[in-house]
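Next up: some structures, all given as structure tokens.
Each of the next two complexes has subunit A plus one more chain, namely subunit B in the first and subunit C in the second.
Let's turn to the complex of A and B:
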């Protein structure tokens, strides 16, 4: 768009338009998501009754076609490209993330579909339409390299998230949506002010351009630090790390479980990608982002883990756990090495699988008891031993113990930061390493709380519904990879190692 | 008019907006504060586009910000109406069922 504005004569414009129409093919996954969104909207308007099957099939077909297109792009990937007049970047990292996002989105929809009659997302089209808007936003977030695109994609995700939190009836949902909205609006306003200063320093919005880098080098340290902290703060809000985490426990507790499983994974990983892209273009030595992000990572891990110890509600506990996981995700980023990037991506992909699995099991238990409070789950493990064992495995994976892939993920991340410390000799890396390892021990106490309530406490509460075969099948499908990949993680690491992180 | 004046105006507007957000208890008032902060950024963007070789990026950005702010305000007011139905108030101190 910006280069379009530059062009003065007609032939130049014609070339530019020709380039744009070629770039459209790179955006095929986004177009597929938008088509699915429009179909959902039209279907919802045209039909009055029994919409569930139609809406569900459109949603799943939309995600499946997106996934197929992305697989095609992944296998035929040739070279990194800047597309749409340098607004977006088409590279392996974004294609890989979009692949796992479309999988995560489909798993989230499966949780919604398994949720039965009450509060079903598929009964009206609105929430699905907004959900696809969120998918479009996270897809664009993985590609954005322009400050305008960064702001717009974050806003698309944010506005969709506010609506999804509050769209179903309920006093708590409305309250959580209001809190989320106010925190989100303020943090995006602060980020925008930071962006406006970065634009003022450099005279360009394209973060990959030479003018941006040389412009930043000429600014004195204090204004530059303030502007960058403001900008990064808005991204950290979407990541849900300390100090911009306050919204997440309320939202996670109140929003429907299927939606929360998507909130806790997709926008977080997309925000991490944005953060990765922004800090990678910063000239070395200008701004000590390693210190700031290291402190954010340590604070997130400590705050998330210690607050989770006192929770009485499983979803609220997972909210604090996801704050802690945001810290662990940042560890790989702070290492700032090739191994750090790969381990960060590995951790992100595994975090997505683990978290969606955990929320699926919580949703199944929640349907039996009517709430996600620990007290209501007493003794359920004895009545449903198979599901209970699945819960134990997921919780062990989230803690990061063998024989689950959570262990591999933590191992890669912490070995990356240890190697980075030995090379760079930066003391913040050592602190991140030590405190991160100690936090893993703390995490054990609260992750095993749910299995403890399931198996070792006896409850008088009757089970509302017998556990069904599909629940067992879906639970197994989501949990089994955690065990298999513990032995086969080299396969995924090889895929990740083939990704070129260089700009 | 020199660019410095515009930038100072933007900074003052941003601080007023932030002050309103932090001190007011009413949800609508907080949203008005957010609106002020967004407009402060708009003034900055338009002022800085003076230095931009393309001259337009900041102004185009400001147009996008205005659109996003309108969308955000629409969603925000819808949510405030919904909260009012349940709580009979828009006072943020009294809207506190979720704790822990």
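Let's turn to the complex of A and C:
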């Protein structure tokens, strides 16, 4: 709306409304998500009992139709467009991300279904409705190019996240939700303040416009740096990177596993996209963002990995690991080359698969032990060797060792940063390269903890439930690609190479 | 059959591993048979490979013409847009540098499978992991694409971790994680250099085809290849047409480096105030020195050896350590010969130090397995010393020493395993005069000890002798290491004679005595299965001690080519 108001010519209003209705096709995936959300809401109100199957089918159908629409958009993609009066950008990057988001969302729902009765999302409609709100938010995040839209989409995601954390009863959940809300509110405020500075400098909120870029060039370095750091800080909060990471361990431990699998992937990748879009429009040489993001990346990797070492709970450990992975995701961005962008997306997509796979397996184990604490998982691997092996493969993939695709992902991002270092000769890139790779050793230590407890320890605890065939099937579906893509990472890279990153 | 020989050698154990994993539990007795048959097949094929190996092929080790039994298929290639693309090949081959290692690996893995016969618990997991490990070890020695090499190199860690951690001794968890973390630090250093290298090296054949200098990959002649190299050097090939490569043979040829890349020979690039090439060499060196292991990166070894079950100790000492030495020869020294010359004094010093330090530590051990572990550190020091000499004798000696140590240390760990099987106790002080109770065993132990301390007539002597010849010659020939290093290192020979003879005297001679009398009944002499392992090993140790030519003929031409690379770089 801002851009509508900015246009002084009132007679254009009709034209603009006409343009908006033409843009609706581009927003079809979002509309599909909203329709699913409304259906869920209506169904929840109309039926009182036995809602599970109905809610589940609406949710899955909603995501499936979104996925179909996105596939159609991907195959018929012609050209990048600014839509909705320059609020959003419709390009291959956003379509690709939304595609993997709808897949990730569906996998999250599957985790919810496999996690058993206790934390079942499908019993009541509220949490599903909020979850779809979150999907809408991350979809918008991938497209936002206007500071206001960036703020709004982040807020949609944040508010849904606060509610999802606290929606199920329990003291720990309330604490985590409150913590999340407080940190989130502060970082939103800081970000909004930063945005207001940027608006003051340039007189526009549209980051792609010429006025924004030329406006920034006229500001002196110090205020510009402050404003940008504040703005980027809000995005980094959603990315879960140091120093805006403190909320994640509590939230991850408290929230239902299915929800965490979504928290740890979708908003992170969406935030990365936002960061990418903001950075890309900054005129070169104005502001040494490579240094700042490089430091953030190194700090996230080191802090995330070292903190994860001491954890006694699988979900909490994965929370710290996701902080470290936020650092690895930033590596590709810091390289700031074509190869860097592609490898960042590759890493992001693989991170989504690995992490969702890890949470699925933890959800399955959790159902048998009643908790995700390492102590309760002693000796489980010997009782359920197949699931145990799947856990080992996922953990090796998260560490980034061959023969899993986690290795390819690491190889590509670090190749990109080395390549960038050769050209740009910026020493922060070398530090990111070396410290990032050495962090793998630390990461290995805690990723092996789960296999260690599963196989090396012997447990007295009785297993609540025998392993079931559907668990094996879902586990295999999630884990097998990690091995296959190691041998055939070509096709995804070729898909990513076809994405045009240029603005 | 012969054209895919190397692939068969690698993939038969892998296939067997899957078979073991899929067979139902009631067929558990067949697992060990499957393992022995699969590794036996690999051994037979390796022997076939060695007998087909043409020892007359000469040439520098940086050209594919010096390779035999080549298998090369493009695995995948990824487009990097304006940066060209990079391609990874499934590239196997043997030359004199790795053919002996392949044979050694096949022998030791087969012996290890026999010695796994008595594994009682969780047999399915054990044998499928063991076969998986075997497959990656064999693959590591013949892979000539850095990506493929790294895949095998890393992949052996995971099975090893579980084999030590589940079937090991009392402190198995600690030993397993320590082994994994130490080796991973090394792997990461290697990975760092690998990333730098493949971004610096291009494949002239594929680049030529891409840039249209010649029609297709198969039609390229050597003139055309040097044409491509000249064009790239002049900057006439646009960067979109450059095909970066992981080919380890190409990486050893400085003509294949992109002119503006950090790791090319003419590059003045600095990393942390040092030449980028020097730093890359050091990273590779340390990466493989951890695996070797050389002082001060050896501390994982005694723990891993002591805690691992006998067959795994055998494999660990017999071949896994050799990957460290082989990796140095194939990567660090071949890629950066100028840096190798620059740092040869350092390598020689640490080699010499490891010899003395390992021997002194062995002298102080109370546990016989730990004693053998430290003697490995000492003997691997000879490998470093020989390599640092940069002479034909030194490098041949290093390879010969690796081969002979593979056989001898396998025997030594089996010897320790025999005792442990019977009494569950490995402390030297708990035994005395075993020769009376176990005469046959004593004979085997004495042979193994004498072979290990370098008595003439055994293979260990040849390796050490050649290392010393090379090391003494080095100062006058190429000037890589000073004369005093081998002089000091000879002290190691005296020390190793000391700890072996002393142990022999304490445990086997004198009055028969066992600390725990209850163990006495279990002390029976060697069984048939044990003979099956010891007799061939000892026969080979003696054979290669008396007829060193069997092995030296295989390796000499390639070693010649390898040292020529060094000499060229120094000039």
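In this text, the second predicted complex is superposed on the first by the 495 of 503 C-alpha atoms of A that agree within 3 Å, B and C clash if a C-alpha of one lies under 4 Å from a C-alpha of the other, contacts with A are read in each partner's own complex, and residues count from 1 in each chain.
Here is the rule we use: a residue touches a chain if its C-beta (ideal position, glycine included) is under 8 Å from a C-beta of that chain, and two chains touch if they have at least 3 such contacts.
The shown structure was predicted, so the numbers you read here are calculated from the model rather than taken from an experiment.
After superposition onto subunit A, partners subunit B and subunit C are found to sit side by side with no clash. Look at A:338: by the touch rule set out above, it reaches subunit C but stays clear of subunit B. Once chain A of one complex is fitted onto chain A of the other, the partner contacts of A:489 are limited to subunit C, with no touch recorded for subunit B. Of the two partner chains placed by the overlay, neither subunit B nor subunit C lies in contact with A:16. Applying the stated contact rule after C-alpha superposition, one finds that A:124 touches neither subunit B nor subunit C. Shared-chain residue A:424: touches no atom of subunit B or subunit C.
Contacts of A:438 after superposition: subunit C is touched, whereas subunit B is not reached. Superposing the two structures on chain A brings subunit B to within 23 Å of subunit C, judged by their nearest Cα atoms.
Within subunit A, not a single residue is touched by subunit B in the first complex and by subunit C in the second. Across the interface of their complex, subunit C is touched by residues 337-339, 342, 382, 385, 392, 396, 401-403, 407, 411-412, 414-415, 418-419, 422, 430, 433-434, 437-438, 440-441, 444-445, 448, 452, 455-456, 487-490, 493-494, 497 of subunit A. Within the complex formed with subunit A, the residues of subunit B that make contact are 7, 10, 14, 17-18, 21, 27, 30-31, 34, 37-38, 40-41, 44-45, 47-48, 51-54, 56-58, 60-61, 64-65, 68, 71-72, 75-76, 79-80, 82-83, 85-87, 92, 95-98, 100. Subunit A contributes residues 1-2, 5-6, 147-148, 151-152, 155, 159, 162-163, 166, 171-172, 174-179, 181-182, 185-186, 189-190, 192-193, 195-197, 199-200, 203-205, 249-250, 253-254, 310-313, 316 to its touches with subunit B in the complex. Within the complex formed with subunit A, the subunit C residues making contact are 75-83, 122, 125, 150-151, 154-155, 157-158, 161-162, 165-166, 172-173, 176-177, 180-181, 184-185, 188, 191-192, 195-196, 198-199, 260-262, 269, 271.
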